[in-house]
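Going by the order they are written in, the chains are A, B, C and D; count residues from 1 in each one.
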Amino acid sequence: MNNTIEEQTWSRKNLYKVLEVTRGKKSRASIIFNTVLLTTISLNTFAIILHSVKSLRHDFDTFFSDFEYFSVVFFTIEYFARLWVCVENEKYKHPVWGRLRYIFSWGALIDLLAIMPFYLSNFTSDTGLIRILRLFRIFRLFKFSRYVHALKVIENVFKEKREELILSVVFFLFMLLISSSTMYYIENAAQPKVFSSIPATLWWGVTTITSVGYGDTYPVTTLGKILGGFVAVAGVAMFALPTGIFVSGFNEHLKSTKPQEKKYKYCPHCGEALE
Amino acid sequence: MNNTIEEQTWSRKNLYKVLEVTRGKKSRASIIFNTVLLTTISLNTFAIILHSVKSLRHDFDTFFSDFEYFSVVFFTIEYFARLWVCVENEKYKHPVWGRLRYIFSWGALIDLLAIMPFYLSNFTSDTGLIRILRLFRIFRLFKFSRYVHALKVIENVFKEKREELILSVVFFLFMLLISSSTMYYIENAAQPKVFSSIPATLWWGVTTITSVGYGDTYPVTTLGKILGGFVAVAGVAMFALPTGIFVSGFNEHLKSTKPQEKKYKYCPHCGEALE
Amino acid sequence: MNNTIEEQTWSRKNLYKVLEVTRGKKSRASIIFNTVLLTTISLNTFAIILHSVKSLRHDFDTFFSDFEYFSVVFFTIEYFARLWVCVENEKYKHPVWGRLRYIFSWGALIDLLAIMPFYLSNFTSDTGLIRILRLFRIFRLFKFSRYVHALKVIENVFKEKREELILSVVFFLFMLLISSSTMYYIENAAQPKVFSSIPATLWWGVTTITSVGYGDTYPVTTLGKILGGFVAVAGVAMFALPTGIFVSGFNEHLKSTKPQEKKYKYCPHCGEALE
Amino acid sequence: MNNTIEEQTWSRKNLYKVLEVTRGKKSRASIIFNTVLLTTISLNTFAIILHSVKSLRHDFDTFFSDFEYFSVVFFTIEYFARLWVCVENEKYKHPVWGRLRYIFSWGALIDLLAIMPFYLSNFTSDTGLIRILRLFRIFRLFKFSRYVHALKVIENVFKEKREELILSVVFFLFMLLISSSTMYYIENAAQPKVFSSIPATLWWGVTTITSVGYGDTYPVTTLGKILGGFVAVAGVAMFALPTGIFVSGFNEHLKSTKPQEKKYKYCPHCGEALE
């Protein structure tokens, strides 16, 4: 009996090592599994994109639905396998609470979001809802994030510079609201259809501040053009803000992760080692 | 008699602590008041935006005007309460001159601008003027600034880098005037309606230098396209200027506000000072 | 005789001090002259801009031509006065060669360019030529440069980072030529009028790389859109180059002009002063 | 016999010094050859651009084809001359394997690509293929790269910051796919022709994230505009990433290549080391 439990633990540990991306030497099984998983996610991305093309959708209908079935089955097995082995991780070691905590972890939620829409769409015949559920398939892309270690850097910069980034967003919203409201009052009389309300003018505000400038909405009155010019200039200047924040954030981060030469390795006076 | 004055002073001090955003522990009254104020400002912002939508304006007319009355009454009481208690602040402690100085402070002017248009609009029946006064309501958004401590950072960067920023503006105006004037002389013959005068061409200049490019005005002659290309490139390059200024401004500011810890001030072994 | 020369020298020196922008205490005469000059340049700028507006040109015709006469007379007197007194400057002290060198200095050429077109336009009746000469009046704006000391900073950054900036320009031209040529071969069949030749496609290239995107030329074929997408992304990424160059250029410049604390003022071992 | 080999070696060495851009004093022959080569490349670039203009192509047909023959002959001689002398370079000193390795070096491949299309076009009469081969002539521009030493800096920054740049690209693709897929599901019903499929919507995604905004595709539904606004803002913010990477990359590179002078390595008074 005891033997069986040990054996089970042993095989669970092995499976954990196969499934999870860990540092150090990888086993052949782990390399094969992760290659298959990455390929399946990539192919899914392509399938989602190509399926939206009408002609392809009609010609390869069976192929697309077969691939969808295969993907969901594969991702479902993966999901439950990960749920079974997650207790090998110190963070989730309790068989019940650990697994529950794992279910609500970022990675597990993404894995669930990748398969859930398929099962839910079987419970409804509302084509609108099915359409929306189909949209959620794109979140399978997020399954890639397990392999992008570098996302950690972005996350850290966001955390460290949180206050400054919030400030940028607040600034942007201020500028957007003030400029769009004023532009609405200026342009509304001349272009009552395009600048029909402040919410409609916000679209002008965003495309101008970000300097996208599609050309579907732009001021035509002299006063509106003067304001528009100021907003465009202020917009470019304002985006210097987050750029600066990111730059200094990255620099600081790189400095703190890179080993820095110490000023003094030994005290220059007594020769004793420092630290 | 003396007692009453003291009591009055005491209650004024209390009210001051409730109204003003101070550091340290906040009283329950202060938290409630500031929450109500922030909510009212936020709702005002939404009301202004939604009121501009024709259908909403008609359907919820009474609601909008009621909310406007409530807001003005609330902001008016707030304004006079702040004027009464401002003398508790060391900067405005003289009962007459201090209060006068307070009235012309940034915060008080914003508070006044938030209520004044409402009262002024009662003295006129000119719908054009009422329209403009209505526009001023958007400045109620600035009442938020009391709560955004981080605005101080922006202000400091602006102050420290004032000279460089002025230089950027001067550069921008130079480029704008030179390029627009030249473009006017080049394109006027080919597009007499679009490039009708230098002031009209300035609109092309701004949308090109900021790379917004709505597409309502662009050169069609070969010479105009060559100049336009140079201006577009120079525009992007030129906005590297304020970006650089902001970046170094932020870095310097962060360095000088963050406490920089030296590792060792004294050698821990022999006690000699390490510089 | 000698006295007269001395007197002349003395008055020339005085006039030099009035005309030239020097550091230190300014005399009342200098302040008045420079204020008048700055005002005249500013008014000239406005006059040039407003003169291009047809209605204003017709209504205030006499005013504009009177102001033009006044400006040219004023700038001509200024030019010759500066030419007379320039020998007070150590750089141009030789009465003949110094003055000749002064004539070909940057500042003097700008001053000449501000008045020359007026005189030249009297020798021709060709309206086309007069139009072009009229355009040159905009260079009067450059007379401002005498007062913008900060232009020196830009000039220095350009000099110090010359190699990197040339590299950026070379890179930009490479990208522009390669992408436009390829786009021409791809899109020419689908849009023979818009992408009629490589020179015509260069206009698409510039508006895309600088992300202006007027919307007058854009690819419509799938291959063209793929290339267009890459060019747009590469364009934004590429402009990170000069930004980085400027940023580090400014930082370096600021560091070298700001007094830097020395690490050791005195040798910590023997106490002797270091430099 | 031995003498002849020596002589051959001697003349090969001389030719090597003429052909290759080396540091130090250049011989007159080297300066002449390189000037001629640079001029030929420049003229080729102009010829390719001007040949695409229909009117010029017809009027100067013989001239263009003569210049093409001359260029190809010149570049072919250059190619084989370089192949002959390349063994003088330590890296390719083996007469057979060294030359083979040279053939697959970056520089030699560019040289081959500059002449190959011409020879290949003689083996086919397919105008479509000839058109494509003609396109490859633009790669003659890359022959310039031999002279742009500074490209090394870019290459090094790319190498050093490879991981971060890959991260940026991954981030960009993520954002592009997620936003375009979602936009497709939102806008498809309202604009079935413009947002016909996800691949078609990717074009919208690229022009928005890079803020080019041609104006040929933009959302018209409220939900689409909200998403579009977020994507535009995120796009600008995201390009702060590679900018920051480049900036810090350049700074680091400049620091490590510039010799940093210490002021004093040793105290000039007592001889003690100052670090």
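Heads up, the rule we're going with is that a residue touches a chain if its C-beta (ideal position, glycine included) is under 8 Å from a C-beta of that chain, and two chains touch if they have at least 3 such contacts.
None of these values were measured; they are calculated from a predicted model.
Colleague: Shared touching chains for chain A and chain D?
Modeller: Both-contact set = B, C.
Colleague: Taking each chain's centre as the mean of its CA atoms, which one is farthest from the centre of chain B?
Modeller: Looking at centroid distances, D is the chain farthest away.
Colleague: Which rotation angle, from 0 to 180°, best lines up the CA atoms of chain C with chain D, given as a multiple of 5?
Modeller: My answer is 90 degrees for the C-alpha fit.
Colleague: Would the interface of chain A with chain B count as same or different, where same needs over half of all numbers used to appear in both copies?
Modeller: Copies use mostly different positions to touch.
Colleague: Select the interface copy of A-D from among B-D, A-C or C-D: the correct pair shares over half of its contact pairs, counted by residue number.
Modeller: C-D
Colleague: Give, as an integer number of Å, the spacing between the C-alpha centres of chain C and chain B.
Modeller: Using C-alpha averages as centres, the distance is 32 Å.
Colleague: Compute the distance, rounded to whole Å, between the mean C-alpha positions of chain B and chain D.
Modeller: 45
Colleague: In chain A, which residues are in touch with two or more of the other chains?
Modeller: 199, 207, 211-215, 243, 245, 247, 263-264, 268
Colleague: For the complex, which residues does chain D have touching chain B?
Modeller: 211-215, 247
Colleague: Under the stated contact criterion, what part of chain A meets chain D in this complex?
Modeller: Chain A residues touching chain D: 45, 48-50, 52-54, 131-132, 134-135, 138, 141, 144, 148, 150-151, 153-154, 172, 199, 202-203, 206-207, 210-216, 239, 242-243, 245-247, 249-251, 254, 263-264, 268.
Colleague: Would you tell me which residues of chain D are touching chain A in their complex?
Modeller: 163-164, 166-167, 170-171, 174, 177-178, 181-182, 184-185, 196-199, 207-208, 211-215, 218, 222, 225, 228-229, 232-233, 235-237, 240-241, 243-245, 247-248, 272-273, 275
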